[in-house]
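Both complexes shown next keep subunit A, but they swap its partner, so subunit B is in the first and subunit C is in the second.
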Partner chain A sequence: MRSFGAALIKDLLLQWRGRAQIVAIFTFGAAALLLFSFAIGPDSLALRQHSAGFLWLALLLASTLSLAESFEREVEEQALEGLLLLPAGPRGLYYGKAIANWAQLALLGAALVPVMVVLYDAGTPRLAPLLGVILLGTAGLSAPGTLYAAMTAQARARQTLLPLLLFPLVVPVLLAAVKATSLLILGDPMGQVRPWVTLLVAFDLIHWSLCGLLFDRVVED
Partner chain B sequence: MIAVSAAGVCRRYGRRWALADVSFDVPEGACVMVTGRNGSGKSTLLRVLATAIRCDGGTIRILGHPARENREYVRERIALLGHRSHLYEPLSAIENLAVAARFLGRDRRRATLLARLDEVGLVDRGDDTVQTFSAGMRQRLALAHVLQQEARVVLLDEPYGHLDPAGFLLVDRLLERLRERGATVLMATHLLSRGRALCDRALVLDAGRLVFEGVTEGMPEPDGLAAGSAFGEGA
Partner chain C sequence: MTGLSGRAPGAFVALGVTLLLVGSYWGLAVAPSEVFMGDVQRIMYVHVPTAWNAMLVLSFAFVCALFFLFNNAWKWDNRLEAALEMGVVLSLLLCMQGAIWAKPTWGVWWDWDPRLTTTAVMVFAFGGILALRAFVDDPVKRAVWSAVACIVAYVDVPIVYFSVKWWNSLHQMQSTPETVSSAFHWPLRINALAIMFLCAGLVALPARVADLRLRSEMAPPLPVGRLVPAGTPLPGGAQ
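Now for the complex of A and B:
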């Protein structure tokens, strides 16, 4: 528990120190949303229909930058190894970093919503449920993303490897989050949001448990 | 009591054996110089002893406990100063020490951390981020990090690296302090005359094999490491 608290504080402090990078990642996400809107053209109905998918694609692309960055600081002076030798529990280190990454991705998702509303005319009165879906979806990206970022941090082709490993795994998150967000924006007369949210919760539970157990094997020689 | 015991320790990188059948015992409280040519396996040996990397064969016991099975016990009692500083570049010197103190459950009040920085001559740079530090200052901060752990077994890999003459004296004082409090020290260095003056035993490695183990007076001269020839020995 001490390792978890110490790791969380350390990671939040590192994120705060790297806030310029967070702004750059947000700008990247906003630029992606803008470019996706060009692909659809000036059809306002089509823009609104595709807004949820584009929001989550932008978030997914931006998340790989954010997750890779979170381990950059750990490997440049082998700081993570230093913590393991203190000794800090690998599980505490994992959950500390995964929660810090989750907070950053959720913030990024929430910040991209107004951009989506402006570009795609995709406003919704159901803001609280939308934020809930963003929280669940980003949790689903953060748990395996933190594990894979640790796996690829020392690799030479890490910028390519991380999305290659992460994207196939998070297809269920993408699918469920896009569907749930879309239903919240376009309306849900048949009450279909619940099964998608349940899928997100199940994915999160499985991956937050499993990745915490596997982290030890990833970071130890 | 034997503080560090290695029996038939092997480690390989790909096809090359970095350590081959290395066996030795270090009594508690001893100060041991580990030397040998570049690439002879000194750093690998210290990293294996610190449990930073696994050995591919053999057994290591630290304070009587097998390192592989009792990794956490060993890590609580061992400190490693490696080639890399184990520091976070965007954080200040004080914040780096506070991070470690939080994990160790030690006092992390500013006054305590400043006193720690004072020991390594960095008290006036406590609030500066590590990325603004020179290599020598990083080494000093890494030494403070090692001191903070108050370990019973201390592994120092090239502790004089990047340091100025005042830094050399700082490491000498640090070694004396560690010995006074009964810590066991293994120090990898190329500074032979300094090692002879400060350490009572020596391990000499050559191509991953242990070619000498004994008191420093009887130590052979490894090729290219003539005593007193290394930079800064006169400091």
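Now for the complex of A and C:
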């Protein structure tokens, strides 16, 4: 438990010191949101209808950058080997990094919401549920993303491999998060948000426990 | 060690091809055509057995991944690689056969139906693991990582299926011997058995290839240059 706390603090500190990187990734996400609107055309109704999908696609694309970065740092100068020599299990290391990545992605998601509202006129008064969906969705991206980033950071062609492995896996997250966000923005007369949120919670529970179990084997030598 | 030894895989492939010919002839020429869909429906005789076997092979890959992580025997890694390749090929075939059937029946090549979409996701998820294997040079890391990725992907498939099912529901019941007329049973069963034999042979053979490649990767490097018989005096009098 203490090793988990130390790993979490280390990763949050690293992210804080490298905050220029987070700003750059946010700019990438905002640029993606801008580009999506060119693909649809200046039809404000269609843009509003698709705004949730665009938000999550931008977040998904940006997440591969931030997830990859979190492990490339460890691979440089063999920092990971040093960490594994410490008398602390790799599990604490995994959860520390996964939660730090989650925090960064959730922050990114929350920061992209105002951009979406301005560009697509997709405001919603239900900000707290929206934030909850962003938290659950980014948790679903972060758990498998951190596991796969640990592998791909040490492989060749890492820029291609991470999205290739991660995107098919997070299809349920994308579906559920887009549906829930869309219902929050466009209105939810049938009360359909709840099953999608349940799906997100189930995905998160399964992947946070499974990936934590398997991480030991990924980093062992 | 790759399980099936000697000529067994070759015999399985030959048996599979023979049975596939028999089953397909039966399905195409002997069995009656379906009342509503006509001859288009005959693609079922390869489509449904492909679906069953794709599930079977990918489940076998999952079992191989579990076994490898528990006892670290290389034979499970070799089988994992072969089963993943076969599973991706079968899933891809499944998508293509489905599209060929869907065009005349539904009027579109593709539909966002749960089974179709899940199969497409499976192609990418397990194909990505094959890509990972191609880009990792260390055999130990390659084996462990692909086993881990295979377990995560396999656990993910049912979640993908249910999420897509909720997202868009429109489909007919899946075909099993209970839901199709009894005249269609035999070609279906023969083809299912045929593809199963083909799979067994075509998993065992690549597993053997993977085993040989692994041996050459693990073996100490051969001496560089020309091999000379012992005792030959080297130029310059060096020993």
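What we mean here is this: the second predicted complex is superposed on the first by the 221 of 221 C-alpha atoms of A that agree within 3 Å, B and C clash if a C-alpha of one lies under 4 Å from a C-alpha of the other, contacts with A are read in each partner's own complex, and residues count from 1 in each chain.
Here is the rule we use: a residue touches a chain if its C-beta (ideal position, glycine included) is under 8 Å from a C-beta of that chain, and two chains touch if they have at least 3 such contacts.
Bear in mind that the values here come from a model prediction, so they are computed numbers and not experimental data.
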First, second, both or neither for A:Arg156, with subunit B first and subunit C second: second
Which superposed partner A:Leu175 touches (first subunit B, second subunit C, both, neither): second
Which of subunit B and subunit C A:Cys211 touches, first, second, both or neither: second
Touched partner set for A:Gly5, first subunit B, second subunit C, both or neither: first
Touched partner set for A:Glu81, first subunit B, second subunit C, both or neither: first
Partner chain(s) touched by A:Leu14 [first = subunit B, second = subunit C, both, neither]: first
First (subunit B), second (subunit C), both or neither touched by A:Arg73: first
Partner touching more residues of subunit A, whether subunit B or subunit C: C
Interface residues of subunit A shared between complexes with subunit B and subunit C: none
Subunit C partner contacts - residues on subunit A that touch it in the complex: 144, 147-148, 151-152, 154-157, 160-161, 164-165, 167-169, 171-172, 175-176, 179, 195-196, 199, 202-203, 206-207, 210-211, 214, 217-218, 220
Subunit A-touching residues of subunit C, taken from the complex the two chains share: 69, 121-122, 124-125, 128-129, 131-132, 135-137, 141, 144-145, 147-149, 151-153, 155-156, 159-160, 162-164, 166-167
Subunit A contact footprint on subunit B (complex, rising order): 50-54, 71-72, 75-76, 78-80, 82, 84-91, 95, 99-100, 102-105, 129, 145, 149
Subunit A to subunit B touching residues, read off their complex: 2-3, 5-7, 9-10, 13-14, 17-18, 73, 76-79, 81-88, 221
